[in-house]
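Each chain carries a letter (A, B and C) given by its place in the written order, and its residues are counted from 1.
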Amino acid sequence: MTDGGAADGVLLSASGLSLERGGRELFSGISLQLRRGQLVQIEGANGAGKTSLLRILAGLSRYGFAGHVEHRAAQLFLGHQSAVKGLLTPRENLAWHVAGEADFSAAEIDAALAAVNLYGYEDVPSHALSAGQHRRVNLARLYLSRAPLWLLDEPFTAIDRAGVGALEVRLLQHLEQGGGVLLTSHQPVTLAYPLLRLDLATGTLQ
Amino acid sequence: MWTLFHKFGSPPWLYRLSGSILRWLLPITLLALVGGAVWGVLFTAPDFRQGNSYRIIYIHVPAAVVALAGYYVMAIAGAVSLIWRMKMADIAMRACAPIGAALTFVALVTGSIWGKPTWGTWWVWDARITSMLILLFLYLGVVALYEAYENKALAAKACAILSLVGTVNIPIIYKSVDWWYSLHQPASIKFTGGSTIDPSMLYPLLFMITAFYCLFTCALLLNMRVEILQREQRTAWVRALANKGAAG
Amino acid sequence: MTPAATVTFCLRLLRRQLVLGLRRPVELGNPLLFFAMVVALFPLGLGPAPDTLAAFAPGILWIVALLSNLLTSDAVFRSDLEDGSLEQLLLAPQPLYFSALAYVLAHWLLTGLLLGLASPLFALMLGLAPGAIPALAASLLLGTAVLSLIGGIGAALTVGLKRGGMLISLLILPFYMPVLIFGSGAVQAALNGNPAGPFLAILGALLCMSIALAPMAIAAGLRISVDT
């Protein structure tokens, strides 16, 4: 892994996060430190604010919450939307991605697309691909990125069982190389790796 | 300094402070408005060219001056809200827009009433009138943007940015409209230039401008108090206030 | 982020936006078609007398250019917000100021530049004196760049709203007015045989100021629009 990270291995630290929506408190007093090699799942019922918390941690929500978030390493955020342009091919989508990571070589991009089972689709306009394939194009960024900190919002939705398996292998690889992963998921996470759970209702990490 | 700053961010403190300010500012404002109007209408000489019709400037000019200043007050509140994320600045900025729009509207209407006897028509595309009209559009734009956002915290930030863009643009708009008018000005209505105002007319005018600033402040504080109560309606201090009001 | 990496990134963004625009050639033609249609409305509304039309031509051409720019501004960030690209852009380590500038530059290249280049044709349709055509094209090229930057602010502030289309006009039309005054002033001056240079210089000054300030407002507006 490259790209920074403090000596104590903390990638992301947040303290005293609380959020109110429409006069209702979604969560309060959430504190969290994500270290290298840690896998954390945010847990809570529908509407508990899992996505909201992830967006606050990513730095997308800047107003209307209380607390403090500090990034100590480069991050990769995958949201609900796949950020894939229908007019561009999967290869162009990755090569000109707006997230501004380093320049990737054509070989790296092709390898990443092959890893998400899109071999042969590199030059097909993305509007000819299915929604699931759009998600795969987005997931291909996990094979390209050099960011140690991953924030993934529902990464397992809308991909088939083989895709889930491949994604789990990639997460494991990233964690073993010293990366940190924070994710939300409806499906139970079945990774052969110690999983920490952040419960939004109680604010505890276990 | 910082403790004062933090106090301004506290709704109950601001609510009580504005209450005690209004208790004396409101009567003073009303007296000054009535007094200034009486002074301007009864105790000044008629203009040698326009007769008595010019007396409308005692409403027209103060409304125009304060309307323009109000935009800058709004933008400063917006900047404070963006930089220090102060909720009370959001509220102040939100309160400025309708008041400023109303004052601009008053300035336009009085200008139009003044224009009828002076120029023989209700509306002239004069530089100042055109600038005032654009100012009205700017205010209404802020109101429209605020209303379009469902999340009011974000609405305030968006309006703050818009009003800051406006402050940069207002001088440019005024200068360009001025220049545009001087290029197209028909010779027949060229009468603004060169005429000076007599001190006997100037003093009541300055007095009225001060009174209008007080009026703006009163309206702003009253508007803010309503907004504070609405936003804080679930808190203990507002409930206590409401219970006291119901009991008394 | 090193400056070189930022420049590379912005050029990549510019290329992406241009490719996206060029893959929908019909949409590129739409503002020009709109321009031609509105120009055709004026003889129908004012009467076909060549003298009247030629006298009003500077104002007509500038107002139509302004409206056509307004209609395209709304779309600058909309599709990127809808497919999630915009939130990725905001998370990019490069300064958003330059990214916003790249988006606006792409918008101008695809609308204002084409409009400026096509304007002599429309000028002839309205009977504008040939001597004023260089001033028209030059003022449109400079002025539409300012309009694109201002339009970007409106687009950034309203992109998160469902009913943005009408609102963006209300927000940014007042800011368009100085550009209209000096743009049509340049054409009028050339028509009267006066030098158009001073007007173009003022438009250039407005452009410099907008380049310096507008991207900041756009960046701040985008952060608000994504924060929902």
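Odds and ends about this structure:
Operating definition for what follows: a contact is a pair of C-beta atoms (placed from the backbone, for glycine too) under 8 Å apart; a residue touches a chain by one contact, two chains touch by 3 or more.
Note that this is a predicted model, so its numbers are computed, not measured.
Of all chains, the one whose mean C-alpha position sits at the greatest distance from that of subunit A is B. When every chain is represented by the mean of its C-alpha atoms, the one lying closest to the mean of all protein C-alpha atoms is C.
Counting C-beta pairs in contact across B-C and across A-B gives the higher total for B-C. Annotation: 37 Å between the Cα-based centres of subunit A and subunit C.
Separating the centre of subunit B from that of subunit C, both taken as means of CA atoms, is a distance of 32 Å. Look at where the CA atoms of subunit A average out and do the same for subunit B: the two points lie 49 Å apart.
Of all residues in subunit A, those touching 2 or more other chains are 63-64, listed in ascending order.
Residues of subunit B in contact with two or more other chains: 151, 154, 157. For subunit C, the set of residues touching two or more other chains reads 224, 227. Residue ranges of subunit C in contact with subunit B, taken from their complex: 153, 157-158, 160-161, 163-164, 167, 170-171, 173-175, 177-178, 181-182, 185, 206, 209, 213, 217, 220-221, 224-225, 227-228. Of all residues in subunit A, only 23, 63-64 touch subunit B in the complex they form. Contact residues of subunit C toward subunit A in the complex are 8-9, 12-13, 15-16, 19-20, 23-24, 79-80, 82-94, 99, 223-224, 226-227.
Residues 85, 151, 153-154, 157, 234 of subunit B are the ones that touch subunit A when the two sit in their complex.
Against subunit C, in their complex, subunit B makes its touches with residues 82, 134, 137-138, 140-141, 144-145, 148-149, 151, 154, 157-158, 161-162, 164-166, 168-169, 172-173, 175-177, 179-180, 183.
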